[in-house]
Amino acid sequence: MNEDKKVLLIKCPDEKGIIHKVSGVLLSGGCNIVRNGEFVDTDKNIFYMRTEFEANGLDVENVLSELKEILPKEAEISIPSSRKKRIVVLATKEHHCLSELLSRNYFEEFNFEIIAVIANHENLEDFTNRFGVKFKYISHEGIKKQQQEAKILEILEQEEPDFIVLAKYMRILSPNFVSKYKSKIINIHHSFLPAFIGANPYRKAYERGVKLIGATAHFVTSELDQGPIILQDVAKIDHADNIFSMKKISQDIEKLVLIKAVRLACDDKVIINGNKTIIF
Amino acid sequence: MNEDKKVLLIKCPDEKGIIHKVSGVLLSGGCNIVRNGEFVDTDKNIFYMRTEFEANGLDVENVLSELKEILPKEAEISIPSSRKKRIVVLATKEHHCLSELLSRNYFEEFNFEIIAVIANHENLEDFTNRFGVKFKYISHEGIKKQQQEAKILEILEQEEPDFIVLAKYMRILSPNFVSKYKSKIINIHHSFLPAFIGANPYRKAYERGVKLIGATAHFVTSELDQGPIILQDVAKIDHADNIFSMKKISQDIEKLVLIKAVRLACDDKVIINGNKTIIF
Amino acid sequence: MNEDKKVLLIKCPDEKGIIHKVSGVLLSGGCNIVRNGEFVDTDKNIFYMRTEFEANGLDVENVLSELKEILPKEAEISIPSSRKKRIVVLATKEHHCLSELLSRNYFEEFNFEIIAVIANHENLEDFTNRFGVKFKYISHEGIKKQQQEAKILEILEQEEPDFIVLAKYMRILSPNFVSKYKSKIINIHHSFLPAFIGANPYRKAYERGVKLIGATAHFVTSELDQGPIILQDVAKIDHADNIFSMKKISQDIEKLVLIKAVRLACDDKVIINGNKTIIF
Amino acid sequence: MNEDKKVLLIKCPDEKGIIHKVSGVLLSGGCNIVRNGEFVDTDKNIFYMRTEFEANGLDVENVLSELKEILPKEAEISIPSSRKKRIVVLATKEHHCLSELLSRNYFEEFNFEIIAVIANHENLEDFTNRFGVKFKYISHEGIKKQQQEAKILEILEQEEPDFIVLAKYMRILSPNFVSKYKSKIINIHHSFLPAFIGANPYRKAYERGVKLIGATAHFVTSELDQGPIILQDVAKIDHADNIFSMKKISQDIEKLVLIKAVRLACDDKVIINGNKTIIF
């Protein structure tokens, strides 16, 4: 995105005339709307809007206060900073998702920078270091979950990430951990959720004899594998595939689904609507 | 669509404030915007908009004249009638696309009614009649293309279709014919255009050894297979497929691509932009 | 398939030399192998084979007895009749899968003939009759499941179908019914199994906020939605889709997944391996 | 693959009994067939076979000579070495395909090792070095194509690669170069061939207004973009995509199509059949 491009995000009770009001404020501020998305959740009567506009030196605070005045009181209005999003990656042993993230980060392809990788195993350290990214090894062995998480949380407090990306991090985060980073933790689950929730989805898929396997990127909530889904994809398998080959096929989907989901989130294109997402 | 829902279509030179103006007119008319799509072709500086709104007994003519006043002179503005679109189907011998159209028509699934089927072979007559749809056999044999087309045009003039759907009609329409129904003829081509333009795309695909075959729904222009593309899809094939099996695989895609394209057109979701389409 | 083409199906404990033995018998019978598929389930040490060959007037009984002699005792060996498979369709109210089956049947596209449609509602009667196929209305209202099923079973006993196709038949078949037609009942489930097992999968998918919806063709067993899967496919949806639009999108997948599964079964390309299928 | 697994590849004029003969030789050698694929090109009457077997210390030369005796004279029979395939990568400036290859190589995921990267620009040098792979910068500027190619050929002669992978190498190789590495050069073309042959396929796709874009991995022959296709895939785009976003979408497909094609080739699963491939 150009530096003079801004994104306006609105969530408020639906009523007639919102688009007219919002576009009026932007117009009087001299902004040009580049891309506009609206959605009304008619079940809950909530209006969602994402507007990309050329800011032309606009006074952001001014716009926000003008919008606050004319929109319903309950409205949530924001214009996120246009600096790159800060990401901390949590990993375990598998490299495919981490590799995708580090490579995109190295070439500065997307609107994020990876500021640290934390893992509960050491095998990805050399690889991460080759990309000049900080690697922290925080084992889960011999200590309680709470203690291990405390060490991770300490780093997160220092780094102040916009998003925490679980790149095949194979530990379940405690509700306490999750509550500290609500709507900020993105996970890749190696199945087509809600099929094969929990551990060993490849094995479960193999045993069920499905003909497609999938991957799901979702926000993490305190309920395992139940958070709002951002993106999903699948690939065909057949009777000749075993758990090993299914894993290989799935990993190619996982990394692409994860990187696309992270990219959408970092471009402020994902809004959480209860246990669902709106993707603009 | 509910009967009180209307669609507003706008095409005009881009300038600041169009959304604000248009939403203002609808708001003052008491309409509620249900769904909104905008697109700016930045190459040509053209603004496109499609707005679905609850009309609530609105005076359509009034809205159109108000919009004409406040939008740039060159603006093309329309609110299509919400009656079902009238379709005439042209076919040859293959039944899969026709069958899909007739079945959807029989169950009144979409926003169209098929008022006649015209074919240059007789084999689909019984099938068409079973669905209670008029069938006209107009052979191309022993007469000039111009004569055959004249007979078809005569029927079209009586039936006044909104769209003419070529459901595997295997004759090339003359420029004269096409010019009479500009932007109203939808064809399904049995390849992933622009690959394998012209005759025998299955054979060409077989000979080239491609690993995917496709289908393309597009508007017909006077240049063969060059009109604006509405929709495309593909399916995997492998070295063991021959022309016969490729045809079977392709036909399943063809009928779905065609029916989806026809549905989009009949819902006023397709706008032609030069040799491209905008799909809202 | 040409009339002189036959299919040989073998299931037996795996051991060295089976392919050599089987190909030897066919060779000495003067048959030419056209297409050959093998699979070893290494978990269970079972060998599966499907061989398509030009029979050239072969004495089928001879071949079977020769094979029985040289293969392990437990071997299951068959050469299915090459006449068209007889299908009875069970439906409820939805037409899209039935329509696909009837249209393919009318044009004699595949290796099956539909000999009757049985439904627990009347609305599809006119449509079915238009294709010249027998329609039996057997309501489930006011009678016990056992009684209703008895009426259906009576018809099935007369018609002797090779396969019973549940084309969106919305009643759960009793274990008694299922046991009478083991490995012969093919169902289309309107979700990507094992996600959204049971009733209302569209609603469940909507509420979970998935980004893909799917369809699954499977053999029916006494456990609901747990039978061996033949084929699955998915389509993308987004936050703007509601249950109605999801249904429309899903139906297009359902009918194609079902017809492809039925076609595979009728071409003797599906072998059941426990709760899985092998697709040759 | 386990070290004791071998692959047998056969191409010969089709005749009755080949499978029987080949399986007989393997059986008498004490080998167990793990996976078997056959294909007959009925247009040309050529039989192709790929057999994966547990070698159990088999004398490869013995097997080959036995097979030579019993198969037609024209038969091409080989049992490729089971050492990892040696790959030299040619690149220009884009990193996505190279990055995929280097990452897979680093983690030793597949049956290949990358022994050198050669590029006509310098920007990928640091990245390549981070993975401990040799990088050679051979500019095309200020010298004739023949001279630049001579420098590349010199390296190739030293390195003796099994495959040369063009990872978005944006120079056309001369017929002389290609002829030296017949059936050994794998290219990724950034379109769905045969659509948009030659330069600037993203731009051409944008201008044609297609709704899907694709990528094609193929062997390089002296005719531009005409070599045997190994693998293809596509992704959806819409009217809002411009050349920049299409490029991003396409690159995700390109790298996966290329890595899968390279993997297939290195596993000896690709056989060239004229201007087509057979993928076992």
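Should a chain be cited, it is by its letter among A, B, C and D, assigned in written order, with residues numbered from 1 in that chain.
FYI, a residue touches a chain if its C-beta (ideal position, glycine included) is under 8 Å from a C-beta of that chain, and two chains touch if they have at least 3 such contacts.
Values in this document were obtained by computation on a predicted structure and should not be read as measured data.
The best fit of Cα atoms from subunit C onto subunit D calls for a rotation angle of 180°, in steps of 5.
Residues touching across the subunit A and subunit D pair largely coincide in numbering: over half of the numbers involved belong to both copies. Comparing A-C with the candidates C-D, A-B or B-D, the pair whose contacts agree for more than half of the residue-numbered pairs is B-D. Across B-D and B-C, it is B-D that has more C-beta pairs touching.
For this pair, subunit B with subunit C, the centres built from the Cα atoms lie 35 Å apart. Inter-chain centre distance (subunit B to subunit D, centres taken as mean C-alpha positions): 41 Å. Of all residues in subunit B, those touching 2 or more other chains are 240, listed in ascending order. On the subunit B side of its complex with subunit C, the touching residues are 35, 95, 99, 103, 106-107, 109, 127, 130-131, 240, 248, 252, 256, 260. Those residues of subunit A lying in contact with subunit B across their complex are 16-17, 19-20, 23-24, 27, 32-34, 36, 38, 40.
Residues 39, 42, 192-196, 208-212, 214, 228-234, 238-240, 242, 273, 275-279 of subunit A are the ones that touch subunit C when the two sit in their complex.
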